[in-house]
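Heads up, the next two complexes both have chain A, just with different partners, chain B and then chain C.
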Partner chain A sequence: MRRLKIFITNKQTIIGLCILSVLLVFAIFAPVISPGDPLFSKGAPIQRPNKEHIFGTDNMGRDVWAMIVWGSRISMVFAFGAAGISLIIGVVLGALSGYIGGVFDDIMSRIFEVFYIIPRTFLIILMVAIFGSSVTLMVIIVGATIWPSNAKIMRAQVLTLKSRTYVQAAEVAGGKRLSILFRHVVPNGIGPVLSNSTLQMAQAVLTEASLSFLGLGDPSVASWGKILQAGQSHISSAPWLVIIPGIVIALMLLAFNLLGTALQMTLNIKQQLIE
Partner chain B sequence: MDFAKYIARRVLQMIPVIIAVTIFNFLIINFAPGDPVTVLAGENATQEYMDELREAYGLNEPILVRLKLYMQKLLKGDLGVSYTYRQPVANIIKEKMKVTLMLVLLSEIATIVVGTALGALAARHEGKTLDNIISNVSMMLYCMPVYWLGMLLILFFAVKLQWLPSSGMYSFGSQKYSKSVDLIRHLILPSLTLFLVRLPTYIKLTRSTVVEVAQEDYINSARAIGYSEKDVYKKHALPNALLPTVTVAGMSLSTVFSGALLTETVFSWPGMGRMIFDGVASRDYPIIMGGFLVTTILVVVGSLITDLIYMYLDPRVVHS
Partner chain C sequence: MGDIIVENLSKDYVLKTGFIKQLRGKAETVSAVNDVSLVINEGEVLGLVGESGCGKTTLGKMLVKIESASSGTIMIGDKNIVNIRRKELFDFRKDVQMIFQDPYDSLDPKMTVYDIVAEPLRYLKLAKNSEDMIEKIYEMLRLVELSPPEQYVNRYPHRLSGGQRQRVAIARALIVNPKFVVADEPVSMLDVSIRAGILNLLQKLNRENGISILLITHDLATARFLSHRIAVMYLGKIVELISSNKLMEMAVHPYTKLLLSSAPDLFADTSNRIEIKGEAASATAPPKGCRFSPRCNYAIASCFEKEPELTEIEKDHFVACNRVFERE
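Right after this comes the complex of A and B.
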C-alpha cells in the first residue's frame, strides 16, 4: 500500500496518467468525438487550421483533427498489444531460462543475444515489407522482436529469487517446479519487467509512427505517422501537418516514459524499504 | 585468465552469432512471398526473359544449395550483385558506408562528449534549478521522434530562415559555394538532428551513475581530504561513472544506424539506411542481406571493442 501511495502521489505519475487518460478517451470514443471515416476527404486540401477544421486539412482534404483522434486508437493498440506480447514472451522465456539453468540457460541466453544483436529496425521493416502491413500482423512482429530485454531482466530476477528460503520451502513441500516458478518466483520478481514494459509501450508507439512515416503503415487506418508523412512533402506550404501530429506523438511517448520512470523509482524505494 | 585468452574467447564467441544471423537473414528473405524476378524484369517482361534472369541470378536452385553458394561466396568477401544497381554489393556498401559514417560519426562523438558533460553537471547540482532544466529538456528531446525533430529543424533553418539547404548532399547547379563547403552546409541539419536525438541517452545515464557514485565512501574521503567540490566530481566521481557510458556508446552502433535510416529519409541523405530501406522496397535480396550482414558485424565488433575498453578501465571484468 505504501508503495502504491508513493507511486500515485508522484508528480510524474500524475502528468503521465492525465495525458494517457485524454488519449484513451480519444481512442475509445473516436466515433462519437469525430463521426465518419477519418480517411475520407472533408473539404478542400491544405486548409490552414480554421473554425471548421481546427487542425486544418492535409493534401487530400482529410481533416487532421479527425485523423489525430482516430490515430490514437492504433497507437494504443500498438502500445498495449506489442508491449503485451513482448511481456509474455520475455517473462516465460526469461523465467524458464533462469530457473532451469544449465545447458538450457546457455542456449537461451545465446538466443537472447542473437535477437539483441540483429538490427531491430531493419528486421521490423523487412518483415513488414515481406509479410504485409495489417495492424494485427505489425503488432505481432513488433512484439516478437522487442522481447529480449524483458527476458534478460526476468532471468536475472529469477536467478536472485530462486535461492530464497520461501522458494526452497515450496520445493521441499513437494510443489511442482513449474507452478512454483510461475506462482511464487515470477510474481515476486516481475516489478522491473513491468517498468521496462511501460517504456516498451513508448517504443511500440514510436515504431508504429515510424513505419507509417516510412509509408509502411496499414493503408486502411488513420495514423499519426501518416499525417507526418504527408507533412514531409508539404513542409513549406503546410507546416501544421508536421507540427501538430508530432506534438501528439511526443506527448504520448512522454506519458509512457514518465510512468515507466516513476515505476522504476517506486521499485527502488521498495527495495530500500526491504533492505 | 589473462587478457589474450579473454580476447580469443570473445572473438570465438562472435563467430557463431554472425553465422546464425546470416542464416537467419537468408531464410527469412528466401521464404518470403514475392518474386524478385518480376522486380528485375519489369512489368511487361516475357516469360522467357524472366526464366533467363532466374537462371542468371541462380534463383532456380533449391534453397539449401543457394545457402551453401552464398556462404561460400561470403567467405571470399563476395556479397553478390545487386538486382537494382547491377553492381557488386560490396562496392555499393563501401560507398554508402562512407556517406553514413560522415553523418553518424561526428554527431555521435559530439553527443557522447556533450551528453556526458551535461549529465555530470546535472548530477553535481542534483535537485537544483540547473539539474531541473537539464533533465526536463533532456526528457523532452527523448520523446521527440527523430524525423519530427529533423522536420522542425528544416522548417526553421531551411524554410523560414533559409540559412541552410533542406536535403541532399550537394546542391545542383548553383556554384555559390565550393564543393566541400556545400557538403558541410548539407551535413549540418542532419548531424544536428542525430546529435540532439541521441543527447538524452547520455545525459540520463551519466546523471544517474554520477549521482550513485557520489554517495560512495571514497568520494566523501576525497571531500574530507579537502578537494574542491569541482575536483571531487571531475577527478573522482566522473571517471568512475564512465563505465556504463562506454557500454552504451559501444552498443549504440545499431541504434545509430537505424536512427540514421529515418534521418536519411527526412534529409534525402543517400546512405546505408536508405540503401537497405530501398532494397527492402524493391526486394533487392543481395542488397538487403549484405546490408544486414555488415550492420550485424559492426554491432558485434562494436560490442567486442566495448568489452576491451571496459577491460582496460576496469580489470576486475576479466577475473569474474
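Right after this comes the complex of A and C.
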C-alpha cells in the first residue's frame, strides 16, 4: 500500500488527475454546464470569444464552449472504452499465450504481430464507409486493433512470473492451472500493462480527433475533432477555432501521459525500498 | 496412507537446442534424477542430502507431482502417482504437501496471510463454511506459533520476517492435514538464530501428528537433527542410505565421508580432512561407470567402467560403491 501512497503523492499524478477530473466533470455534467444541443446554432457564425460565447462560435454559429464540454464525453468514451476493450483482450490473450507456451504461444505471437501491422486508420475508414459512422463501432475497432502491445507486455510478464515459487505452491495447494493464472500470475504482472493502458487512452482520444477532423466522425455527436474540422478553413480569420480545441486535446493527452509515466515510475521502484 | 515406495525413478530434461540439432536428433538431455529407488516409511523423517544441482529438489517435486517423472514409479498405498488421473490428483493433494525453500518467493506478495493459508482449503473444498475456515486458519496459525493469529491474518508477506514467512508457508502446507510433507531446504534461507525454531516445529509435527517428512537439505547437521534415516545423493543417484545415528561412525561411501569431513567443526582436527578433487561432473554428460569416480580417492580402473548398484551391506544400510567390501 506504500506503493499507492507513492503514486498518489507524485507531482505528475496530481497534475494528471487534476486535468482529468475537470474533463470528467465536463463529461458527466455536460447537460448542466451547457444545456441544450451543442450542435444547434446559438447565434451569428464566427464570433470572437465574448461574454455570451466565451470561446466564440464556429462557421455554423455553434457555441465552441458547448462543443468542448460535450466533446469531452466522446473523448472519455473513446479513452475508457477502447483502452478497456484493449486491456481485456490483451491481458487474456497475452496471459494465456505466455502461460500455456509451446506451439500455442508461437501461433498466438504471430497473431499478435498480424494485428500489430493492421493500418488502423485505413481499417476505420473502410468500416465507416461500409457501416456508416457511429461512436460504438469506432470504439470497438480502435479497441480491437490496439490490444497487441498489451498482449505482448502481459505475455512477457507471465513468462517471468510463471516460474515463481508461489505459482508452484498454488499448484501444490490444489489450484487448477487457469485459476492460478488469473489469481496469482496476472495480478502480480498487470502493472506495466495498466501503465501502457493510460498511453492507449491518449492514443484512442487522438484517433477520435483525427477521424472527426477528416469528417469521418459520428455526425450526431459533438466532438473536439469536429471543431478543428470547422476551423480548418478559417484558420487565419478565426484562429481560436483551432487553438482552443487543440489545447484541450493536448491537455488530455498530457494528463494520460503523466499518469502513465507516474505509474511506470511507481512500479519500477525497487521492491526492497517498499518492504 | 502407508509407505511411499519410489522405484527406478528418473527425470531427464531436454535442453533447448538449435533447430538443426533437433532435426539430427542430437538434443542434449540432463539427467537430473537417475534410477532412484527408496522407501519413505509411514511416520518417518527421511533426510535427503547432497550438493547443489544433485537432483534432490527435482526428486522432491516429483513426489508432490509438480514435476512429472520421465520413468519409474512412485507408489503410495496401491496407487502409482506417476500417472495419476486428474480426479485422483485432487485427493492426492490433501495427503501430500510441500514446504518450499525460499519463503521470500513462495508467498504471493498480493495476498494476505489469511488468503494464503486459506487457499488450499478453498481449492480442495475442505472448509464447511466460512466460520469453519476461520477457525481452522486461526488454529493452524497458533500451531505454527504465529499467535495471536488476529495480529497476522491481515498482513501482507512483506510485513513479515523470514521466519514468520516460513511459518506461514508451513501453515499453508499443513492446513489440509497432510500425511506426507516434502520440506525442501526449509531453513536454508533463514537466519541461523531462527532455524532451530522451525526445525523444532517440524519435529513436533512429526512426533505428535505422525506426519512423514522428506527433508531435503545440503546441511548434514540439519539432516541429522531431524531425520531417522539419511539418503545421500550425488549427481542424480542415491549413493548411501543409512540411519542417522549411525551416520558419523558407520558411513562408508567416499562421498558421504567427504561431506562429513567438510562440515565445519570448531574442535575437529583438520589435518586429516579429505581433499576434494575437481568439480562435480556435469549432468549433461555424466561420467561413465560410477558417477563419483572422477573425484574419488579410492577409484580403480573398474570404477570408470562399471556402475555400482545400491546394495544392503548391513541391516538398513545401503551403499552404492564398487569397492565397498574390498576396501575395509
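Heads up, the rule we're going with is that the second predicted complex is superposed on the first by the 269 of 275 C-alpha atoms of A that agree within 3 Å, B and C clash if a C-alpha of one lies under 4 Å from a C-alpha of the other, contacts with A are read in each partner's own complex, and residues count from 1 in each chain.
The rule is short, and it goes like this: contacts are C-beta pairs under 8 Å (C-beta built on N, C-alpha and C of every residue); 3 or more make two chains touch, one makes a residue touch a chain.
None of the values given here were measured: they were computed from a predicted structure.
Partners chain B and chain C fit side by side in the overlay (superposition on chain A).
Of the two partner chains, chain C is the only one touched by A:166; chain B is not.
By the document's definition of touching, neither partner reaches A:220: not chain B, not chain C. Within the superposed three-chain model, A:9 lies out of touch with both chain B and chain C [touch as defined at top]. Ranking chain B and chain C by residues of chain A touched puts B first.
When the two structures are aligned on the shared chain, A:175 is found in touch with chain C, with no touch to chain B. Computed from Cα centres after superposition, the angle at chain A between chain B and chain C reads 100 degrees (steps of 10). Contacts of A:184 after superposition: chain C is touched, whereas chain B is not reached. Contacts of A:232 after superposition on the shared chain: chain B is touched, whereas chain C is not. Shortest separation of chain B and chain C in the overlay equals 8 Å (C-alpha atoms, whole Å). In the superposition on the C-alpha atoms of chain A, no part of chain A is touched by chain B in one complex and by chain C in the other. Within the complex formed with chain C, the chain A residues making contact are 164-166, 168-176, 179, 184, 187-188, 271, 274-275.
By the touch rule above, chain B contacts chain A in their complex via residues 16-17, 20-21, 24, 28-29, 32-34, 139-140, 142-145, 147-148, 151-152, 154-155, 159, 166, 254, 257-258, 261-262, 265-266, 276-277, 280-281, 288, 291-292, 295-296, 299-300, 303. On the side of chain C, the complex with chain A involves touching residues 61, 64, 66, 90, 93-94, 97-98, 100-102, 105-110, 119-120, 123-124, 158, 169, 172-173, 176.
Of all residues in chain A, those touching chain B in their complex are 110, 113-114, 117-122, 125-127, 129-131, 202, 206, 209-210, 213-214, 228, 231-232, 235-236, 239, 242-243, 246, 249-251, 253-254, 257-258.
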